[in-house]
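In the two assemblies presented below, subunit A is common to both, partnered first by subunit B and then by subunit C.
Now for the complex of A and B:
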């Protein structure tokens, strides 16, 4: 019973922790621009993160090593270093975007000045990272992020044309500008498969001392938690498609998502949407800050892990503090966090192969994984998504330019 | 192994040079002011979008379905979003519409709890959105 309860809590945390600022921006903007036509792209992205997060969790449970430990050990220093540098650059942009997002949501809730809220956000995140145990961080932000389920209710309340919604799950050429459509496909898949999620997930599995006995928990978290997390992405896109598209409203602000919930459900919808965004984006800031520190520490063989306490892993602690401060320095310049979000998602797409190729290699290595190496099904999906990742990585920057950053 | 390590290393090297090119292209794009439309129809679409979103925001304020802080802050954010487009507009008719949108959102930002003002702002922003839509064609 205790085990079932623990799995259920993990699933809830995975649902609430699935959405970050990139998912909110791209899903609401895609709904406002193309209605429900791009729901299939979310399915592709969610399938990708499920495929690779399952591999990462399995590798961590079997080898007691997280992704970057394995990357360094199996691929060598120079190849690993390239993956590390690219991953950290993207991670830094992601942290900056998330910190900026936290400050924007706080501003919409409080009316206080943005820059003061940036300082408040980074101090609060630093204190939480310093003081809270790992499982508390994971679950508190995951559970409170569940307030975003308000978008599921909003989507239903806005009475979308359900037959059109159903058609959205079938890939189609799309109406309007082809470049913009393709840009959103890349952005939606990239936002769902953003690399810090797998770094954080696999390191978290080591933090929680998973063994092969926890492979069931791994599958439940990944298959059920991420699938239901994908439901939040669908809800964001459907509600934006039902409300914003008919009125010709482009969604270029984080607050536009909250306005959708408010229009459908009134003040309670607005508050729940803002609270959900606050915890989802704060949780993502923490995850990405930790993911950056995990990667560096694992690559260089430092002591790492929240379970060691801050003094027990000083270089790891120093690394996440530096990541948070650098992210803060990027957004405090006044650069628009929504712009940083778009850039971070598109650059993360370029760096996706550097994250996912090594995971597929390690998950297939029988010397490393023994009888827990990838089976046929895992490899079919793994290779399919590797092709997807390579194609979108090549297409990402040209599409950013050709679509004028999705503006057409 | 599914793919040889050497192939992966080559792929990674390719990604590295693509990454450098991507950073350069992206920086060039941002420095060139990528994102602010120069054509009248695109500018009109942007103005329409801001006006329509402002009308939706004002509607919430009229119904008492929102918070004053959200109304004020989101109106401010919409004005900031309009600013670069507003600055790039050369057409007199669209300039007049954008001026009206900015002014009305400014009133909403300053008095978010005034329901009568919000009702007027909703009507005005609706009209301005329609005018911008006509210009967009």
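Now for the complex of A and C:
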């Protein structure tokens, strides 16, 4: 019973932890621009993160290796270093976007000046990480992020045309500008498969000393947690499609999403949406900060771990502090966090193959994985998604330019 | 006696001391008798100078990072599993010094032992 309870808690945290600023921006903007036509792209993205997170969790449970252990062992020092530098640069943009997102939500809640709230956000995140036990942080942010479920209620209350919604789950060429449509496909898949999630997930599994006995927990977390997280993405896109598209409202602001909840459910909807966003985005800032520290520590062989006290893994601790500060420095220049979000998602797509190829190789290596190596199903999905990842990685930057960042 | 693939199974793997502390990676291997009939591994090399032998980017990284080379005799290795496990402590082998140096600073901050 206790085990079931703990799995349920983990799943809840995974749902709250799935959505970050990239998902919010891309899903709301996709709904406002194309209605429900791009729901299928979210399905593709969620399938991708499920496929690879499951592999990462299994590799961690069986071989005790986190993602960047595998990257360095498989790609060697030089190529691994390219993967590390690319991964860290993208991750830094992600952290910057999340910190900026936290400040925007705080501004919508309080009306105080944005820059002051940026300082407040980064100091608060730093203190929380420094002082609070990690499992506590994970649970609190994950559960409060569940306030985003208000968008599910909003989506239903806005009475979308459900047959059109159903059509959205079938891939179609889409109406309107082809470049913009393709740009959103890449953005939605990229936001769902953003690599910090697997760095973070696999390192957490190593820290919790998973063994093959935990493979059930792994599957439950990944399949149920990420699918329900995907449900939040659907809800964001459907409610934006039902409300914003008919009125021709452009969704270039984070607050637009919250307004959708407000017009469907009034003041309480607005508050729940903002609270959900605040905790989901803060949680993502924390996860991405840790993910950056995990990667560098694993690449260079330093001691690491969020469950260690701060002095127990000194360079790891120093690394996440520096990541948060650098992320803060990027957004404090005044650059638009929504712009940073889009760029971070698109560039993370470019770096995706460097993360996912080594994972697929290690998950197939019977020397490490013994009888737990990838089976046929895992490999069919793994290879399919590798192709998807390679295609969108090549297409990402040309589409960014051709679609004028989705503006047409 | 099981076969170990040096390229995939040892090189670039995590070093763990006898207390399970992560204390660097296997950055390079020192071989003896290469070209002869019985080449063998005599030592593990760890630290930035060992990156020099790891391609052009390795040389660049080695030059940028500086740092000290630590040579761990192969006799120190007790197990090659998820990581390469060593017989002594990191401190005895002078591995993981970067963490030790920084720890002295971090310990001065309040709440560092949380």
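Everything below uses one rule, namely that the second predicted complex is superposed on the first by the 408 of 408 C-alpha atoms of A that agree within 3 Å, B and C clash if a C-alpha of one lies under 4 Å from a C-alpha of the other, contacts with A are read in each partner's own complex, and residues count from 1 in each chain.
One rule holds in what follows: a contact is a pair of C-beta atoms (placed from the backbone, for glycine too) under 8 Å apart; a residue touches a chain by one contact, two chains touch by 3 or more.
Quantities reported herein were computed from a predicted structural model and do not represent experimental measurements.
> For the overlay on subunit A, clash or fit between subunit B and subunit C?
By the criteria stated at the top, subunit C and subunit B fit after superposition, with no clash.
> Looking at A:397 after the superposition, I want to know if it touches subunit B, subunit C, both of them or none. Which is it: first, second, both, neither?
A:397 sits against subunit B, while subunit C stays out of touch.
> Identify which of subunit B and subunit C touches the larger number of residues of subunit A.
Per-residue touch count on subunit A favours B.
> Mind working out whether A:86 is in touch with subunit B, subunit C, both or neither, as first, second, both or neither?
A:86 sits against subunit B, while subunit C stays out of touch.
> According to the stated criteria, A:375 is in contact with first (subunit B), second (subunit C), both, or neither; which is it?
neither
> With the two complexes overlaid on chain A, check the angle at subunit A between subunit B and subunit C, Cα centres, nearest 10°.
130
> Quick one: is A:334 in contact with subunit B, with subunit C, with both, or with neither? Answer first, second, both or neither.
So A:334 meets neither subunit B nor subunit C here.
> Considering only the touch criterion stated at the top, classify A:108 as touching first (subunit B), second (subunit C), both, or neither.
first
> What is the contact status of A:315 with respect to subunit B (first) and subunit C (second): first, second, both, or neither?
Once the two structures are laid over each other on A, A:315 reaches subunit C alone.
> Tell me which partner A:252 touches in the superposition: subunit B (first), subunit C (second), both or neither.
first
> Looking at the overlay, what does A:173 touch: subunit B (first), subunit C (second), both, or neither?
Touch partners of A:173: none, neither subunit B nor subunit C.
> After superposing the two complexes, find the smallest distance in angstrom between C-alpha atoms of subunit B and C-alpha atoms of subunit C.
Distance of closest C-alpha approach: 10 Å.
> Taking the contacts subunit A makes with subunit B in one complex and with subunit C in the other, which residues are shared?
74, 76, 78, 82, 365
> What does subunit C use to touch subunit A in their complex?
Against subunit A, the touching part of subunit C is residues 5, 8-9, 11-15, 21-25, 27, 46, 51, 54-58, 61, 82-83, 96, 98-100, 102-103, 105-107, 109, 111-114.
> Touching subunit B in the complex: which residues of subunit A?
Touching subunit B: residues 74-76, 78-79, 82-83, 86, 89, 107-111, 243-244, 247-250, 252-253, 255-256, 258-259, 262-263, 266-267, 270-271, 274, 339, 343, 346-347, 350-351, 353-354, 357-358, 360-361, 364-365, 379, 382-383, 393-394, 396-397, 400-401, 404-405, 407-408 of subunit A.
> Enumerate the contact residues on subunit A facing subunit C in the complex.
63-65, 69, 72-74, 76-78, 80-82, 130-133, 297-304, 309-311, 313-315, 317-318, 365, 367
> Residues of subunit B touching subunit A in their complex?
Going by the criterion above, the answer is residues 1-3, 5, 8-9, 11-13, 15-16, 18-19, 21-23, 25-26, 29-30, 34-35, 37, 42, 45-46, 48-49, 52-53, 56-57, 59-60, 63-67, 69-70, 72-74, 77-78, 81, 129, 133.
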